[in-house]
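Next come two complexes, and both contain chain A; in the first it sits with chain B, in the second with chain C.
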Partner chain A sequence: MESRRHSLLFAQLLGSIQRCPGFEALAGLVVLFAVFSFTATRFLTLESLAGIVTVASELGIVACGVTLLMISGEFDLSVGSVFGFSAMVFASLSNVGVPLVIGFVLALLVAFFIGWTNGLITVKFHIPSFITTLGTMMLWRGVLLAWTGGFGVRFWGKSLFLDVLNGQFFGGFRASALWFVVLVAICNFALTRTPYGNSVYATGGSREAARLLGIPVDRVKVVNFIIVAVLSGLAGCVQFARFASVDPLRGQGMELEAIAATVVGGTLMSGGHGSLVGTLFGVLLIGMVRSGLVMSGAPAYWYQAFVGVILIIAVIINTKLREWAK
Partner chain B sequence: MRKVTLFLMVALVLLTVCFSGLALGKTYRFYVISHGGPGDPFWGVVMKGMEDAAAFVNKGNPDGDVIEATYLGPAKYSIEELVNMLNSAIATKPDGMAVTITDPASVEGPLRKAIEQGIPVIAINVPDPRPEGERIPYLFYIGGDEYLSGKKAAERILATGKPKRAIVTIHEIGHIGLELRAKGFIEVMTANGVPAEKLATYLDPTQAIEILKSYFAKNPDTDAIFTLGSIDSSYVLAFLREQGLIGKVKHAAFDVCDEVVAAIKEGATLFTISQQQYLQGYLPIIYLYLYNKYRFLPANDILTGPGFVDASNVQLVEELVKKKFW
Partner chain C sequence: MKVGESLVKMVRISKNFGRVCALKDVDFEVGYREIVGLVGDNGAGKSTLIKILTGVFPPDAGEIYFEGKKVFLNSPKEARDLGIETVYQNLALIELMSVTRNMFLGREVVNKFFGLIPVLNMDKMREITTESLKDLGIDIRSTEEKIVNLSGGQRQAVAIGRAIHFGAKLLILDEPTAALSIRECHKVLDHILEAKEKGVSVIFITHNIYHVYSVADRFTVLDHGIKLGDFRKQDVTAEDIIEMVRTGQVREGICNS
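Let's look at the complex of A and B:
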């Protein structure tokens, strides 16, 4: 009797942990932080933390969109290409004398268009988004390479607008961190406090049930494809604002890092479950691994292997927590 | 009537002279086949070298010889496609081929077959690393020496004063050419008592800079950086500027691009190494022509790199970069 009560309490505890968004990623973050604090010299400095946040921010802006889309049951592999393509549009327009603000808006419009086509192709032709966006990932990267002939573009001018997008504002912290925090807050609000958020969860949970409830599942998905593309474009422009240069390979491989951060943050690849808070911890964790390893003196070649191990452990913990909570 | 007869006779004589002139000359068909597509700026320069060489021989050739040179290369790095292109070229029984031996195992079969058929083959850009008796029996190699380039870079830095600690940034881990450059550099530095190691920076600039910051936080005595390509040169220059390290840290680069040329002029970069890849397109055409015609062969491989661009020749090279010679 007593042991049954204990196991019931344990299940309830696990259930409440499970409901606490991003718990697994936060736990991982704390553990790694503690480890690196001991092993890495100068890890516990403001500059080092600012570095971690800076890396996490650009990836995080993309991952916000990836999280929304993944909760609604779809993928986007083209985010890295959109990241590079939008940045190149912004850079090229700036170089021919188009005002930076207008160039920026046009770059985001291009991203909007790419997201919209991704969404339409996926829902109208009933193609798995993995395939649609695999195709558009290659398409836009190819167009980018053909357009630039492989050459990077550099903008030599200076502007306040570029500082607003990604200037340094406090210690080593950059404006990209502010953009990221604001976007996490907005997306989190939309996901947890608005009817649209409910539609996103319902669409990813059970498409047919959501449809029967009157939720326009196709529209929800298309909107999420647009959101993820525009956020990827924004991240690309934010990065361009710092370096004032873009090469045609910019953003390559970002899609997998964004998905990894989202999954580490507890979002289910099958859709219907996930949180922005989890993704926030997920990108911080991934940002921390690289700096921590270098500062610990580990060869940076180990980075990818380490992220791979973290990803697998995070998914195992997620799955086990869910099983126990049942 | 007499006038008409005279006119016809003159025309006949002229035509005979013209045709006999053409009949004296021969058309030579050469292929340059590489693993890099024409969209890549590096290979764009090689292609220009090939075209210029053909035009040089064709223009006013005393024997009326004509060279038809064709460049073949997959749009995206693909050994499979390189082999397909190679087979197609061999099937047309050309008078000569210049081929990159990027993956000796894959190109060995087709190339040995071509050589047995009497097609002259020159290796360019990447040689077969095996010893003379075992390697593919091509005529000779025209290209850079990656290992030697790394060694020379270290020697040049050492000639300006012994650094306390040196790093080589590597943006494409596992790229054999980059690894060889790094190996040569580290060996010479270590032999001279300078601690030196590789630092994997990957392709994303934000991450690259944070990795560099982390490394410098751990090893603040680092005062020499060797960057292996234009992409990481760009990131390292941004890092040095942001951290106020220009002039305090010696920077040596690889490959010639606008940004590095500007940095050499500014004094931020000591020098950059070039493979002078224009010659990797130009020289094979000239040598294949001379081999076909007179059986001339150089006694040794021809090294087109390392060539150096520094403060002494940067002005001239800047002009030539715009004209696609570098």
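Let's look at the complex of A and C:
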């Protein structure tokens, strides 16, 4: 009797965990935080936390878009290339004396265009977005390398606009953290409280059913491709504002990190389910792994291996939780 | 019957898929407050005809009149806006979304933020969902429940509830009883009759002639993309219709209206 009540309670608990988006990633975050607090002596300082947040924010701006797109059932592997390309456009225009705000807007327009073509190609020719964006990832990276001859660009001037994009404002924390939080809030609101959000979930949940109900599924996907590209471009510009330099390989590998953060946060690869709160915790987790490992004295190379392991464990836990909750 | 006298009139509809002829010169009509049974064996063209009427794809040839006016339906949304509601065979429910969100998908109740940004009015939608499902005698624990956690019958009920709630003029049911228990079937048949009482016309597509026979006023029989005929209920028995579907021929002496 007693044990039955316990198992019932357990089931209810699992049920309510299920309804809390991002709980698993939050739990992982707490565990890792505790571990690193022991293994890395300077982990529990404000600068260390600021470092984590800075890394997480730049990745997170991209991951916001990746989450929206993944919920609607598509992928974008080209985000890293768009990140680097937009940053380079921004940097180059700034160096030839174009006002920074205008250079910034043009860089985002380039990203908009790339996202738009990604979406159109995927939707019009009915090809998997994995392929489309694998192609455009290589295409834009290649164009970027050819254009720059492989050389990076530095920006020597000082500008208020760069501070707005990513200046330090408090104990090592940077403006990118604010942009990231604002974006999470906006995207989360759009996803959960507006008709557009409903269309996104429906498009990813069942394309055919959504279409029969009159939802313009193709347009929803194209819009999400544009959103993810513009956010990647924004993140590129934000990171350029931090380093005041950009090289043509900037953003390489970011596509996979952003997908990893999104999936760790509980978003389904197959679409139709996911949350931005989960992604928020997912990017913090990945940012924490990056600094935590280094501060614990592990060679930086171990970072990728560790993220890989976390990704797999997170997905196993998510899948199990979903099975138990049924 | 003149154009103005029927709710839907489809004239000489043809549709080919590649070299396959799915429909050839089919006329189809639904009167006001009429329940029409659309029957025929697999591949007869029933679903194709319905998909043309619901704007999923256009016909290669032919005309469609709705309430006497010629219409061109380019998307499911346009058909929905006219007052044509469909319960598809696959139900068109999104499994990972809640009952309420499914109910209002594509036509959410919103408040305008700053007169500009549409924001979901979840309370209102929950209220309407609870009420309209209760009206139909549909029993669901919570409208927050996701579709994936419902039984086949409950899912069917939600899909039908949605169509009836919004279905102002014409309700199309594609195999609505296929996956149901006997008790659930009778509920669905009752819902169809109730819809007619409210002034709605119904197209009922099914393999189960006995189900459709018990509620329909008239039958349209298709065979390999060609219409065998329209038959009023008083002129045929259920067995006659089964015979037609099976053989693809109309026995002599049956009155084709």
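Note that the second predicted complex is superposed on the first by the 317 of 326 C-alpha atoms of A that agree within 3 Å, B and C clash if a C-alpha of one lies under 4 Å from a C-alpha of the other, contacts with A are read in each partner's own complex, and residues count from 1 in each chain.
In this section, contacts are C-beta pairs under 8 Å (C-beta built on N, C-alpha and C of every residue); 3 or more make two chains touch, one makes a residue touch a chain.
For clarity, every value in this text was computed on a predicted model and none was experimentally measured.
Once the two complexes are overlaid on the shared chain, A:T122 sits clear of chain B and of chain C alike.
Once chain A of one complex is fitted onto chain A of the other, the partner contacts of A:G152 are limited to chain B, with no touch recorded for chain C.
Touch criterion not met for A:S78: it reaches neither chain B nor chain C. In the superposed model, B is the one of chain B and chain C that contacts more residues of chain A. Of the two partner chains placed by the overlay, only chain B lies in contact with A:G253; chain C stays clear of it.
In the superposition on chain A, contact of A:A40 is made with chain B only, not with chain C.
Applying the stated contact rule after C-alpha superposition, one finds that A:S94 touches neither chain B nor chain C.
When the two structures are aligned on the shared chain, A:V294 is found in touch with chain B, with no touch to chain C. Shared-chain residue A:T279: touches no atom of chain B or chain C.
Contacts from chain A toward chain B in the complex involve residues 40-42, 45, 47-48, 51-52, 54-55, 58, 142, 145-146, 149-152, 154, 172, 239, 242-243, 245, 247, 249-254, 287, 290-291, 294-295, 297, 299-301, 303. Interface residues of chain B, counted against chain A in their complex, comprise 39-42, 44, 75-76, 173, 198-207, 210-211, 213-215, 217-218, 230-231, 234-235, 238, 257-259.
Of all residues in chain A, only 193-195, 197-199, 201-202, 205-206, 208-216, 272-273, 326 touch chain C in the complex they form.
By the touch rule above, chain C contacts chain A in their complex via residues 54, 56, 75-77, 80, 86, 88, 90-97, 101, 104-108, 110, 117-120, 149.
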